[in-house]
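Across the two complexes that follow, subunit A remains constant while its partner is subunit B and subsequently subunit C.
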Partner chain A sequence: MATTTATVSITSNDLTPGSALSVSASSTLMKAGLTTGLNQMESGVMNIPTSIEFRLGPLATQAGPVADNTHNIGSYLYICNKSTDNTYWVDWGIHETMMGRLYAGDWMFIPWNASDDDAEIEIEANTGTNSIEWAFFNSTVALPTAAA
Partner chain B sequence: MATISASINIGSDISSYPIAISKTMTMKKAGTIIGLDETLGLKTKKFNSTTAAEIATAADLTNDGAHKLYVRNASTNKANFFYVAYHATDAGAATAETIGKLYGGDWMLMPYNGSTDINVASSTTDIQYLEYMVFADGVVAAAG
Partner chain C sequence: MPTLTPTLTLTSSDVTSDELNFSVTDSLTVTAPSQSLSTVVADTTGANTILKAASSAVTYIFIRHTGTTDGSTGTSQLLALENTDNTQFGSLKAGEWCFIPHLSGSLGIQLQSASGSIQAEYGYWTAS
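After this line comes the complex of A and B, so read on.
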């Protein structure tokens, strides 16, 4: 069994004057509802040109031997915008709903319902070509079927 | 201007080569080098039903901002989870709006544009605690 651990630390000495902020958490990433660790991952570094919406990660048809909409897989997605110009950002969204902007240097980490095509992760670069780094941890994603 | 730092470390032995992701960001206002300086506060909420609850309200926040949302399932039971969803007033079950499921001990941190509400719903009537915090790139005057 593989062990994947994700930790976060959020700190600020001046956000709430008189009370320093220190939030931290650590989680071992498990298969859905189990205490068995995730055993698959895919990752990459991509340059994203502007004005095109790209899909990141698999479709539901890759989320297991039989595609379903049960939202029942344990999967986690990390994305980092490696760009350095503060005016650069990547919109990220779920299907057609924009959720936020990943500015240069920002990272994100979410549990991701990857088992539904309507939940596909979409990204779109703004200002200029952005470079992103990503990693997707899961247990059920299959490789795309080869062309005949 | 405040300085808020967020660091992530991911280590794994899934593959035969080491996986060690380490990254720190400073939370900044949209398109600037100015740090975020507002928050709606760190909150802890107890759930003992599957009724959905809103944890981030778009109407409270500047639209299209560089907000950040931190959420953690503060319980330890890996069999139980919270649905995290956008828009849906009922975040439970298999809605297309589900972002993902936060199992016991899991956490998430995501950029959030303040244009949609974020909702959660517990998967169980067992007691679960959720910890969450919005780091805001602008809170509307009437909210706080």
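After this line comes the complex of A and C, so read on.
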């Protein structure tokens, strides 16, 4: 099984006088409830226009290549707003609930729990067309079914 | 204004034939309020462990499951990440972490253990 490692460092030399901040954490991305590594990923870069809500990743109930192989499992999601204009941003949320905002250059990483379709990750660009880089790690990434 | 530098590195030598190895770094100008790296013990009621109240400013939140109930006793229970409307958007296994740019004028961020207690480490910093 694949071994994928996510590491974060958060540093600041001037946040607290006399005490530099230096946080570091690392974890291996595992299948839900198991000690085996995730072995499927999707990634890409997209330009998203304003005023349209887009979904990242599959729906929890979206069928996979094997019967009952749905996406109701733990996953990991990385999103980065690669826009370079500081007035641009992307709002992200869970279904219709806004959760946060990625300004140009900002990134996020969450162990996303695709527990049901209402847990879908939505993103919406503001100000102008934003460039989004993303990666989605999962144990059951499915390709769309081909047209008949 | 202080500057915060968060860096994410994702690596894998075998998830694809093209080795995965990239880093992304941001430079964030931050201001008050902030919460220095702290620990909290979450229980099975999310409302008991609200890390960050609703805010009209973007707040960068770091959360890590310490893998313990109290700093010493191990636990493998899942730690749910929720907004204060009890909507779960993720869950941390022991040792895992997340970094979230939060913004909601009506909903904050809270933690809830699947069972028993879980000690979490967290901090947040507000964008200026």
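The criterion applied here is as follows: the second predicted complex is superposed on the first by the 133 of 148 C-alpha atoms of A that agree within 3 Å, B and C clash if a C-alpha of one lies under 4 Å from a C-alpha of the other, contacts with A are read in each partner's own complex, and residues count from 1 in each chain.
Basically, contacts are C-beta pairs under 8 Å (C-beta built on N, C-alpha and C of every residue); 3 or more make two chains touch, one makes a residue touch a chain.
Everything numeric in this text was worked out from a predicted model, so none of it was measured.
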item	value
Fit or clash - subunit C, subunit B, common subunit A	clash
Touched partner set for A:A135, first subunit B, second subunit C, both or neither	both
Touched partner set for A:T87, first subunit B, second subunit C, both or neither	first
Partner chain in contact with A:D106 - subunit B first, subunit C second, else both or neither	both
Touching partner for A:M46 - first (subunit B), second (subunit C), both, neither	neither
Superposed model, subunit A: greater residue contact from subunit B or subunit C	B
Intersection of subunit A interface sets (partners subunit B, subunit C)	2-16, 21, 23, 25, 27, 30, 38-41, 74, 78, 80, 92, 94, 97-103, 105-113, 119, 135, 137
Of all residues in subunit C, those that touch subunit A in their complex	2-16, 20, 24, 26-28, 30, 34, 36-37, 58, 62, 64, 80-81, 83, 85, 87-93, 95-104, 107, 123, 125, 127
Touching residues on subunit A, where the partner in the complex is subunit C	2-16, 21, 23, 25, 27, 30, 38-41, 74, 78, 80, 91-92, 94, 97-103, 105-113, 115, 119, 133, 135, 137
In the complex, subunit A residues that touch subunit B	2-16, 21, 23, 25-30, 32-35, 38-41, 69-71, 74-76, 78, 80, 86-87, 89, 92, 94-95, 97-103, 105-113, 116, 118-119, 135, 137
Residues of subunit B defined as touching subunit A within the complex	2-15, 19, 21, 23, 25-26, 28, 30-33, 36-37, 39, 42, 64, 66-67, 70, 72, 78-79, 81, 83-84, 86-87, 93-94, 96-103, 105-113, 115-116, 133, 135
